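Working notes, beginning with the structure itself.
Should a chain be cited, it is by its letter among A, B, C and D, assigned in written order, with residues numbered from 1 in that chain.
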Amino acid sequence: MDKMPKWADVALVPVVSLIIAALISAIVFVAVGQNPWEALKLMAYGAVGTSDFLGYTLFYATNFIFTGLAVAVAFHASLFNIGGEGQVLLGGLGAAIVVLFVPWPHWTLALIAGATAAAVFGALWVAIPAYLQARRGSHIVITTIMFNFMASGVLIYMLSGPLKPDGNMQIATAIFPEASHLPSLNDIAGVFGSDLFGRSPVNISILIALLACVAVWALIWHTRLGYQIRALGRSESAAKYAGISAVNITMIALLISGGLAGMMAVNNTMGINTPQLVDNAAGGAGFIGIAVALMGRNHPVGIIIAALLFGALYQGGAELSAATSIPVQIVVVIQALVIMFTGALDEMVRSPIEKLFIRFGRSRVAGE
Amino acid sequence: MSDISPAIELIGISKAFGPVQANKDISIRVMPGTIHGIIGENGAGKSTLMSILYGFYKADAGEIFIAGQKTQIPDSQAAIAAGIGMVFQHFKLVQNFSVLENVVLGAEDGALLRPSLAKARKQLKSLAKEYELHVDPDAIIEDLGVGMQQRVEILKALYRQADILILDEPTGVLTPPEADQLFRILGRLKAEGKTIILITHKLREIMDITDTVSVMRRGEMDSTVKTSETTPADLAERMVGRKVLLRVDKTPAKPKDVVLEVRDLNITDEKGVHRLKGVSFNVRAGEILGIAGVSGNGQSELLEVLGGYEKATGDILVNGVPLDLTGAHSDGQSRRAHGIAHVPEDRQNEGLIMDFSAWENTAFGYHHDPEYQRNALLMDNAAILRDAQGKMDRFDVRPANPLLSAKNFSGGNQQKIVVAREIERDPDLLLVGQPTRGVDIGAIEFIHQQIVALRDAGKAILLVSVELDEIMGLSDRIAVMFDGKIMGERLPENTNEKELGLLMAGVTDGESA
Amino acid sequence: DGHASTPAIIYDLGGKFDKSFNESAFNGAQRWAEENEAEFAEFEITSDAQREQAIRRFAEDGNSPIVMAGFSWATALEASAPDYPDTDFVVIDVSWIDLPNVRAIGFKEQEGSYLVGMMAATASETGVVSFVGGMDIPLIRRFACGYAQGAMAANPDATVISNMTGTTPAAWNDPVKGSELTLAQISQGSDVVFAAAGGTGVGVLQTAADEGILSIGVDANQNYLHPGQVLTSMLKRVDTVVYDSFSNDGDLEAGIFILGVENGAVGYSLDEFNAELVSDEMKAAVDAASAEMVAGTLVVHDYMSDETCPALEF
Amino acid sequence: MDFFTIVQLGDASVRMAIPLLLACLAGLFSERAGIFDIGLEGKMLAAAFVSAAVSYTSGSVWVGLLAGIGISVVLAIIHGIASITFKGNQLISGVAINFFAAGLTVVIAQGWFAQGGRTPSLPQDARFNGLDFPGALSRMRDKMQASPGMQFYSEFVSGHSILVYLGLLAVPLSWWILYRTRFGLRLRAVGEAPEAVDTAGISVVRLRFSAVIICGILCGIAGAYLSTAVQAGFTKDMTANRGFIALAALIFAKWRPWYALGACLLFGLFFAIDIRFSNIQLQVIWIMVLLLGCAAALTTYAVRREKIDVIVLGGLSAVLAAVAFTAWFATASAEGISILAALWETVKVPSQLIQSLPYLFVVIVLAGFVGKAIPPRAGGQPYVKER
């Protein structure tokens, strides 16, 4: 018998961890002289209070779905891709290049081309760390962190050099051509005469994010590749016995991961109201993806839920900092706590729960 | 005799690992100055019990008396203080430390190292003289053979003035001569009045050197008897709770044409050590070739090469077709394509993925198999599940629930899952490594029958096992490996344990004659 | 007072307390608030994604005027301003947006820099003066270019060393590198350093003080940071712009305005902290130059007009 | 490049190296005990903030230093609880700690000082100032006139803050502790084979906790150094990834104290170069030689190996070559001169590239092209007796 039922593992444990994280966050609020309850209400309002706020929440959630999936796919191969940040930037670069230099007749084409380019660039950016991990055992965590810095170097160089419109002081590309602008959900809702999402930039790439979730779900649990990824992740020695090439699977898993991260650019570069590539396009989404994946137990459904939660947190946090003196970094703190409790301190939460189930299980067996 | 209090007395020891009850209410008394044997099936709880005595695990319940004194042993520190030393089944040495550093570790005299090391160096010299336990104090552990490493472990215990010495399956890794040497040492220690507990699977050893012997079964203490008052057959029966059929009943083999041909196989590992030295042999359809040998003499490497996850030079032909030994096709997938199935030595780390459910494990290695695919893109999980259910029923895996994850099955049942997966592929050549390690007798019989049945179906089988009686029982031909070489081939009907034992020790016919 | 609606100010990434540009804007708002015992709304963005969000947020809350400090606001503002025709927007350091409800304000930083450049060259004993810029953008090069021209004017054979801290917004906030750059410049002989680098300037002025050379602050009056060791500060009256916009009663004149010495929008600071550093003839020379600028007889070359500088190699 | 510039470069290298060195030694103790710690960055950052804040409020930099060490140790203990007590994933715990510090420092700094997440600048006497050795010149301008020996003495030897000398002292001290004391022996053992330590009657948990605490102390000093010696106050994210570079240096140093000193000085030099020579001019021909040389080297390495190597390294070589030629032709067209003439043109190396050099080097180090490094055997895995 397993130590505890599946539902407890996938739902109960994360929820308990989350509650603990929330409690400690509350303490932090008190420490900086904020009433946590008031803060929570402010955040909640800021997250879903108005149609605009709701829209922004969904907009950020879309980002986090992409990066969360990216981290999760790598996690299934027990690889820790912490380079989402850099892969997002490169993805943005890819999208920007194809959208700026090719006159797409219609946004659908621009979307396909942009998404592909973004994914390819994101994947290529993780190719070297992946290769070094697979072939030379160089630690993927540190290499990807280094590649994050180099990514922003590359981006800044492109934005302040080749891609910089003359006389423009902002470190950003020109605004993408009109034809390539993606319809925002509000435009779509507008067709039905609704103003559900206000002027927020949430756009159809949220649908792409959801498609990506389905794709990842199928990949991981219903394809040979996914089977091999999971096998390698669980036991390298067994994978070797089965003739699963650690090198190839490591590479492929990370390339997919990087591609997913890169595709976030579709949302935050092509999707925003004034589509252009700015210097800090990633805005920490790459890192939040880690928390999202951990909390979502590396499962697309969990990731969607976690992404929505962090989207709300991010947007609510921004509103909170606008209304109070608390800086937005409070979100980073909460993010850290979530990572800590759902990730590293998982055992602390899990083992007492497991013990309960085992005791309960024993007595039941005895009863039979 | 009851007036002298026992050196060790355990009363009502229980220990559970999560769901596993490794020890159930175990009591045992060991008299001072005696050698006390403990036997039992794998997983019976022997190591657990001794680890509790040594303070490595904490017992859930029970009391420990040392020399009549009730003693708390919360950790090894306490055990050492109580004069207990233990040589574990898996040595506990720091691989890249010198012998000296390993001996000193934890028994230093002061905060500074130099004096302690100097003292230990002197000590080792005298110990070496006293017990002919010669080891170079400055040698690095990873450069030493297992025999030497075991000496270091014994020296560690003696350096700490242990007068109770526990040895957990010490001879498993030793050649017969090394084993004899060890027993001489144990004899000398006993003569000095030290108390020795010896865990082993080898009844011969029990009969040879122990005074009393305890039999454990399924985590419980079955019985303790005077060695002089028992027989191997009696012990075997106590061990497994019923009559053991010592021989597998099988008809003589009808070998047909050669399926596997191995010519001049060589392996040099990254350290530059030659693991295989010009190994050549062949296996015919309808016969079982057993490879005997002390573990670590190249059998594992041989299996790994054949299984496709170790590179080598030389030639391997299956049904006359040469295999790729170095290139892109030297992997498990292409081996399976050649009709080779493989029951690996280490099921927990190779044969199965412990966190995968049983049904996922039944496709393991064959996940590319057409019958498991729904279409070009997706796997047909339903088909795999159906297949798994069938296999588990036919091989009577308990519980026959494909949804359970592999780690929740017992050793024997885990092994049945692997065997079912490999045998039911109906391969031309079956590689079997340690098929019954950590498996109880019921499962052993079943698995042996399956292997024989496959042979009778006209398949070639290569069996590697460190258990001599398993080799003797199953094989139609026996090859003995020592130090990466095949020392010789024998037919089971006209050889005996002694001869094989010598070959396993590297003593070739010439010398023995 | 009969103010129509609460004004709002949104700071740039550098942050409200960058001891410089944003802080100067904040001071203006603060002064207005104190004088009229009134409230104003404010927001520090932390990522570009928030720009448009912040503008719309304040606009929808009915704030007006909404003042934005920094050229990075241009895109977001152009996108959102048309949606709020009866809200007044003021954007500082942007001289190209032409919308009916936007007042775009640029500064002739080259003029102020010219003046402090003159003072630097006069005060220098080694004849070498230096410049530490923040992020390498045309706007900052405009500072450097004006500074160099001023130095040359005061001392034709003066040497001007110029370094930029970086090419990312992080360059506005890297005091460590600021101080290292200063050390490097000192070792090249510089004994007066002008920092136009936001938060990075803090490190520059600190090191200059430690090393016993003179420094020149920027934007706000930074003389107080190291009394007797800051020669002067090149004032860029962002604060007055904010103050005026706030005070102005709901009917701001839209359009593009370039403010210079003649508007008193740029200049140099003189207070008790640097009084004994600024000799009378130094002051006289500088004031003369200012007068010529106002009169139009002295035109300082604007780097951004043609992205070249007569007095300095970048 | 005159002598004084070199001295200054060395001087700046040392100054940049010290925080790396302290963090590197911190990681060394932790990883030698089998606990990986990518939370060095976070611990330094937290310490940088707290020591600055406390120095400012208390007016005493030593109190600040202690407070900084305190917070760093607290974080180290949290990492210990996660990875030793609860056998959690050490990487994830480290990442969490990094984010925690990055966020909380700003939040609290804003809460206490309301200055946009930074502390007020520290007054002179609330900082670690340079110690001027007897007879040493303190002012840059005096040094420039001085004799080479004097320049070396005044600039390189003298004039650093006490923490610099402490940091350098930490190297021999660490070596002595590791290789000459009982504690060191046990520490090294627990990183290689915890079960051996355990069965030798030593508490693995206690050993590992003491290791992470030492790690915390060293990180604390490193952080305090940044905010109270290099700088006068805390600014957000001021550690600027030094924690991660220290980890790479640790690998480069093969987990040995003296090597660590060398590795950190090397990285310090990179930073010094970036700061001193942010605009480096290079002749196009040299750029071509460099890039094409690398490309050639990579390809030759790849061809003798497997397909994957050919694909990845071949691709990389292609990119490098492409960059080289674009640079070449771009200069040609920009200067409006012939392709050949362009070869001799000097162009400015992008500052981004120079800033990326340390990171690039980290990757090369990790790639093991500069010597294979074998980490402690038990590193990264919790010590689990019972599953």
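Worth a mention:
Quick note on the criterion: a residue touches a chain if its C-beta (ideal position, glycine included) is under 8 Å from a C-beta of that chain, and two chains touch if they have at least 3 such contacts.
Computed from a predicted model, the values in this text were never measured in an experiment.
Just to note, of B-D and A-D, the chains joined by more C-beta pairs in contact are A-D.
Rounded to a whole number, the gap between the C-alpha centres of chain B and chain D is 47 angstrom. Chain C has its Cα centroid 78 Å from the Cα centroid of chain B. Chain A and chain D have CA centres that are 28 Å apart.
The mean-CA centres of chain A and chain C are about 38 angstrom from one another, to the nearest whole unit.
Under the contact definition stated at the top, the residues of chain C that touch 2 or more other chains are 44, 136, 167.
Each of residues 114, 117, 236, 306, 352, 355 in chain D touches at least two other chains. Within chain B, the positions touching two or more other chains are listed as 18.
The list of touching chain pairs reads A-B, A-C, A-D, B-D, C-D.
Residues of chain C touching chain A in their complex: 43-44, 46-50, 52-54, 56-57, 60, 71-72, 74-76, 78-80, 83, 96, 135-139, 167-169, 304. Contact residues of chain B toward chain D in the complex are 17-18, 54-57, 75-80, 86, 88, 92-97, 101-102, 104-108, 110-114, 116, 156, 328. The touching residues of chain B, counted against chain A in their complex, run 18-19, 307-309, 331-336, 342, 344, 346, 349-356, 360, 363-365, 367-368, 373, 377-379, 381, 404-405, 408. Those residues of chain C that touch chain D in the complex are listed here as 15-18, 44, 126, 136, 163-164, 166-167, 173, 175-177, 179-181, 183-184, 186-187, 189, 191, 199, 202-203, 206, 211-213, 225. Chain contact summary for the complex, chain A toward chain B: residues 1-3, 218, 221-224, 227-228, 230-231, 234-235, 237-238, 240-245, 358.
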